[in-house]
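What follows is chain A paired twice: with chain B in the first complex and chain C in the second.
Presenting the complex of A and B:
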């Protein structure tokens, strides 16, 4: 499988700190996949996210994006164009006074000519379903809509990867679904690679692959079906168990003879029905 | 902004009685009016029409300023991301700030600081530290201690677990639950989480478009799944699962505590009965 990002032996110290925030992290991100990165607060997952587009540079090791290296000054613009980030707080992402100005801002930085700019703005707002809001001011938008505008700003730069750094954690459930559905569509239909730093285990369950971070190290990596069976790993990484797994366990404690732990409610109901 | 083109009715005709000692969960989407409502409860906003009564204190539309002050003392609000409001050099000074503002002597305020820091589960040694040298979770506890220092009878929590990882979320909610029980508080929890509401609240109030949409005991609210879905909410996962199991098995089981353990017990007993 083709890799779009390769993180190689990355160790990172914040200035003045003696303990590294990341310790020897190695990770491949496959082209077109949805990769969820989970871990407790302070596990290093957000620091890792900022490594992926060169907002932070490794103290040791290297990060490669396509044929570029984040640590090389000549490559960094191309890296940032290819890897767009959506951050946690919707109110901190808006720089323009209207939706179209906001998207234009990013394009101006890349020196895109005006005609091309207008075309790309129209295209990208349509892809996130915000075309009716082109001239709206930021304070008229909901949190979910602001995050969709942030995504449109990234799309206008024709990226390969979108990194969601807890981008839905400050949204209400409707805003969360709005943003996740938008990104899922881009992932499935356009093949954009998605890396999602998240506490939302149900979202991680639907990822192609999951990485578990713990104390600055990669504790595990695999498909959700395998990762979420490892209850001790999840507990020691400060994570909760998904609902159906918790219930599977509680049922077994009640003497119900389940053959394994189930990840979805439907699977669990069906397994129980066979026992009845 | 009354009398301007920006005038908009954020709340409309809310009638809500909260009995002494209740743990009430206030649920609704962004813009549903729940934040506006809690700002009325401690006099940050005054009603345009109607009144707020807390104990013997009443705040009427067009009421006097003195009423605001006593209302603010009775009801303490823990805002979202309360750690952003820390500002003093030491934890002790930060906690003392509120009581001092209400005319409490330095000595008494200092004793209060020592008392409340223990209530939020932090060692006394923290008092001499700068709040900015603490971890995020500790900072949040300090901010909560600052609210408790005012001896509120009513504790209003505006999404107190936003931005925390799952372990941190459980910790903070358990803290509020024990504060509620041990200090005979009336607690009002603003949340997006039906799971938290089901776990801790005696009553649930659902807000929608500035109106009180539903109000009742959790069992009553969760029996209105269709009504909840119409406003983009849903019942907790335990209830969802039991509904699926009831449909499959033709039974009519119900929950009272909404925990995974209770659900497992109900389901396993129904399996045993079928076995007999």
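Presenting the complex of A and C:
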């Protein structure tokens, strides 16, 4: 499978610190996949995210995006265009005074001509279902809506990858679903690669692959079904198991005959109602 | 309460003045500052007053909004008027009581100065009443653009302004939230002597200050992630459009200037 991002043996020290935040991390991100990077606070997952679009540069090793290298000054802007990032706080990444001004911000930075800008804004705002809000101001929007505007701002730049850096952690449940559904559709229908950084394992269930970060190192990598069976690993990484998994294990301990532990609520319900 | 907060004193309406390009309005207001000083007799002041009155009525801004802008300077107007009335000793003596002497020239001079101040403030308030702050920012950025050659950070200044404008409602919301949190724990912002009330605001300002720093840091990161690298090579979504009416307005102003020149003493 073709790689869109390659992280090669990356070690990173924050200025003035003795211990590295990332220790020899190597990671391939495939084109079109949904990759979840999970880990506890301080596991280095957010630092890793900022490596992917060159907001931070590796102390050792290298990060390649498509044919570009994040460490090269000539490549950095193309890297940032290709890898869009949605941050945690919906308010603190809203630059414009209205929805369309905010979506335009990235395009203005890249010197896109005005007519093209208007076209791309209208198109990308429709892709996240916010076309009715073009002239709204940020304080009139909910958290989930602001995050969708942030996604539209990235889409307008024609990216290959969207990185969600804890993008749903400050949202209410409805906002969370809004954002995840929007991103899932982009991932499935348009083949945009999604990397979601999260400590919420429920969110990681949507992923094609999961990477577990622990103390600045990659502790495990695999499909969600495999990763979530490794309970001890997840526990030692400080992660809480998804509810349906915990419930199915508790049921099995009580002697309910389930043939495996189920990851999603739907699978579990399906297995339960078939029981004699 | 914050759902429809209006920043600055913009009065939303649809008038020829509202539809004018912010650049022409800025140029006109700036120019007006100078030509007001050309008036020096009843006729020229009459012309200016007529011009200003017509402009105000065209703007569809109710007078009480203009009055709000005038209130803070009324005291200054009255003071300078009195100063002129008592200190200018020209023309016929009108009144004398002890050391107080009021001359005709002083009265006229006092009225002129007061008129001048009132006209100035009314015209400049009209600018901010009919133009949104963001449009004023855009207009200023365009007009001051040539100064970039002398290393004046025009783009940075404009961006700073627009980010401030964007964050005003956000910070207001946050202030309200912190205030409620403090009130829930027994803080009292509304009663007691001024000193106590001022003190009560410290626990409000500190968290607000801290969070502003955090916001600034995160916003900077988000801006960089979206490819921000200064004003060089940037295009703009907000286009200012210069219409015929803008040219027309400036021509009108030029004619006003000319007539002031011809009619003044």
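Heads up, the rule we're going with is that the second predicted complex is superposed on the first by the 256 of 276 C-alpha atoms of A that agree within 3 Å, B and C clash if a C-alpha of one lies under 4 Å from a C-alpha of the other, contacts with A are read in each partner's own complex, and residues count from 1 in each chain.
Note that a residue touches a chain if its C-beta (ideal position, glycine included) is under 8 Å from a C-beta of that chain, and two chains touch if they have at least 3 such contacts.
Keep in mind it's a predicted model, so treat the numbers as computed, not measured.
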{"item": "Which of chain B and chain C A:95 touches, first, second, both or neither", "value": "second"}
{"item": "Partner chain in contact with A:169 - chain B first, chain C second, else both or neither", "value": "first"}
{"item": "Touching partner for A:135 - first (chain B), second (chain C), both, neither", "value": "neither"}
{"item": "First, second, both or neither for A:40, with chain B first and chain C second", "value": "first"}
{"item": "Common ground on chain A, meaning residues reached by chain C in one complex and by chain B in the other", "value": "none"}
{"item": "Residue ranges of chain C touching chain A (in the complex, touch as defined)", "value": "2-3, 5, 134, 162-163, 165-166, 169-170, 173, 214-215, 218-219, 221-229, 233-239"}
{"item": "Residues of chain B defined as touching chain A within the complex", "value": "29-31, 135-137, 162-168, 170, 192, 232-233, 237, 240-241, 244-245, 248-249, 260-261, 263-265, 267-268, 271, 274-275"}
{"item": "Interfacial residue positions of chain A with respect to chain B in the complex", "value": "39-42, 88, 142-143, 166, 169-175, 199, 201, 238-240, 243-244, 246-247, 250-251, 253-256, 265-266, 268-269, 272-273, 275-276"}
{"item": "Chain C-facing residues of chain A, complex", "value": "53, 55, 77, 80-81, 84-85, 87, 89, 91-97, 100-101, 104-114, 117-118, 121, 137-140, 153-154, 157"}
